[in-house]
């Protein structure tokens, strides 16, 4: 039995953190003594995990996508107005929302790569535009209503043989996660990481840097649209559904050990980071930590996570090198 | 170096040209029309008693027009502001239009203005929920030729100096919704208040939930005076019962977070017998958490938003909806016209604050209105309804 | 240090002659845009029978520019080193509270209040700088983390506005000389001081050196860590000044006065609008002042025209991206010229 799971570099720490949090949950909350509780947690975390996967593509290729939160709000508000409670409109509206996500990603990507504006600024601008345009269109507050069919994906569950009732959102998440992991092992996926690491080298070796970057933004937009469908389905129409999600998604990705600036980190770890974040909030809630301190704890944890990612590698290397040093270089005085 | 000296000289010239301050003189008194000081424990027995008594008081004013009614008014003379002849420029410094409540209210106000031909101009500055922008906005309105200035403050304490400054220009100032810590406005318009709102819901649960029942209290944010009052009243009432408040949680007004919290409590406690909320925006999400868990929705406190009212009627919920009525946005315009005509207005204009119960909920369900529309807008009879609100 | 550096694709050659190009530096573009905006705005407002640049209008623009201007000057310093600071918004809230609470309505406590607020601000800046340099955390996430910690403290400690600024100190927020608020003059003084520091002192050159290329700077003997830490301390002190100014204007401290106004992202927007490169190394406070004035003028014009607040955001977003795209094009042309001549 020499098979070892192939974990991408940097995945292990976040999995350890996640495991600790899950054990903590099991101790702290009676609801987490069976699979049902964890399934509920996964259902709740699914939209954020999907957002984190999208954000991962952009970050690993060296950019930022600050527009995903506004895109989620826009997706939900657009869907509610277009569906307006009519069941028959569900399918085409879902397609419209996905198409809208693609379009926003495409614009983000094109402005970044063709007009050479840093993605931080492009997506900040997009955030403002989406925020304003959506509510300009609906006259300030959401209108219309989502159909039952639309809400099934975020709210309902599917009867799966053996497993029983599994929420749709969990199934969608798993499909996306597997697809994303496979994609990152493909040539294109590896090239995407390479772009974040050193785009000049990719360019010199004939890689299509602009096209890869564009792809990352399009994927992020598409996944944000999917997350919008799940968020809207889970909790219904709301004007602030996407508020602050961009920072939460970036936090999740960083917690997953992905390097801001690109070139390092795995997509599974990014998703695990999102799940850890959600598990952390649930745990703090169960432990009765006041909501006010929640953000402080989150702040400390992300700083610790990046510091570990930046210094930890060096630390490990030093520890590994240490015996050799001892053999070769004797301390002069001790 | 010469350039810098030039600057200094220029500044000196300007100083000679007219050094002035927009800071008003010392305020006349410390008395405050706002119902609490910002850094209190939020529970104020006298104010609590006053608000609870207001609920049963009979309002003065025209029947069926609650936005023109007033509770126990002490009239103030406005003769000195009288400006016969009409052609009023009405100015309004709005805190924000960033939530459905303010949207519905603002649209109602705009329609109210159209009802008064005397008002020829309606100038609105939106502070986008920024205190310092609202300070500038009020300052900027003071510089225009406003006949009257209406202010809906973003926060209580921080807008006080700006409101005092506006009063200092001699234009009648009308404050509504949230108060400020000064008596200088001609009138301060508001519904009964947070204590009454919180008490309405808590008393309902006290009546409907058997002793020992588990209550979950959901709040939006800590630290907002209006919301703190609601909770302070509910807390006071729960304290005098056998009800077991198993949790007090903050939802940030986020539907997804609300739903998650309620799901957690259903799992943890096994059964929840009543849900109290300090604002109803996420009441539907809370109710859905019970539905998704496959249990009946317990006694629940919501608000007058259409999505909740529809769910209430469709599912036959055991519910109550205290309201913070959006029709209060009509009153400042009414008051402004009265003041400019020299008619008396109450110094503190307390509006009735109705609650919706299972007996009258059907009257308030409007199938064709948006899900986040507030039913208590008093706008059904306005010309053009429902167009602008849809 | 250039955490936000995005390598950009190879240059396109520009047909415009170098001489013309050189004249149109970002700073010139910003102020040309500002003048154009004032002219167009005056015409639009004039069509409604009102005047944009009357006494009230000038007062309005300058007042709006004051708070954002001071934060943006600080933000310029950190962005020039290739870093950025997302914690300024909460820090503004915190310092407004510290100042107002220390003063507690007493004239005698004005100076201690101001000093305490500035000292705490400097401390937060030091922490930001240390996390970025010693723990080698990305500036985005480091300052986001510090912002979250500050937010937790504010939410846990305060339930709303607190403290009381004595009336004597409120003059800072309300006095003016003609149409020019005194605070706006102080803001200009801060800009002048920062301009002098960045262009006329050795530490100032070092900021540009570190932002341009950290490795090269290090190799040529620049104490890169110290430069980054100093920039962060200065940035936080600027945020502290803003908090103190807002306290004087509001009469008390308010925990969310900085976040409600979005000073974190807005100050970054003003800096890049002013032509400073987000990746660092190029730009300056004069451009930033132009960016701030453009945003303040836009706001005032919007108010005069009673533009829908949601439409304002659309315009802000488009203006921001368009401006940066223009600068990027210009820079590519510059590089191309250097390469081919």
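For reference, chains read A, B and C in written order, and residue numbers begin at 1 within each chain.
The rule is simple: contacts are C-beta pairs under 8 Å (C-beta built on N, C-alpha and C of every residue); 3 or more make two chains touch, one makes a residue touch a chain.
What you see is a predicted model; the values in this text were computed from it and never measured.
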Considering only mean CA positions as chain centres, point out the chain farthest from chain A. B
Where is the C-beta contact count highest, in terms of which two chains? A-C
For chain B and chain C, let me know how many angstrom lie between their CA-based centres, rounded off. 34
Chain A and chain B, separation of their C-alpha mean positions in angstrom: 37
Using mean CA coordinates as chain centres, what's the gap between chain A and chain C in Å? 30
Indicate the residues of chain C shared as contacts by at least two other chains. 155, 312
Touching at least two other chains at once: which residues of chain A meet that condition? 140, 291-292
By the touch rule stated above, which residues of chain B touch at least two different other chains? 97, 222
Inside the complex, what are the residues of chain A that reach chain C? 62-64, 111-113, 115-122, 124-129, 131-133, 135-136, 140, 199-200, 203, 209-210, 247, 250-251, 254, 259-261, 290-300, 302-303, 306-307, 310-311
So in the complex, which bits of chain B are touching chain C? 11, 14-15, 17-23, 26, 38-39, 42, 96-97, 123-126, 128-133, 135-137, 139-140, 143-144, 154-161, 165, 222-225, 228
Looking at the complex, which residues from chain C come into contact with chain A? 3-10, 131, 135-138, 140-142, 144-153, 155-156, 265, 268-269, 272, 278-279, 308, 310-318, 320-321, 324-325, 328-329, 331-332
The chain C residues in contact with chain B across the complex are 55-56, 59-60, 63-64, 67, 155, 158-162, 167, 170-171, 173-178, 180, 185, 246, 249-252, 254-255, 257, 260-261, 299, 303, 306, 309, 312
In the complex, the residues of chain B that touch chain A are 97, 99-100, 103-104, 106, 222, 249-250, 253-256, 258-261, 263-264, 267-268, 281-282, 284-285, 288, 292, 307, 370-372, 390
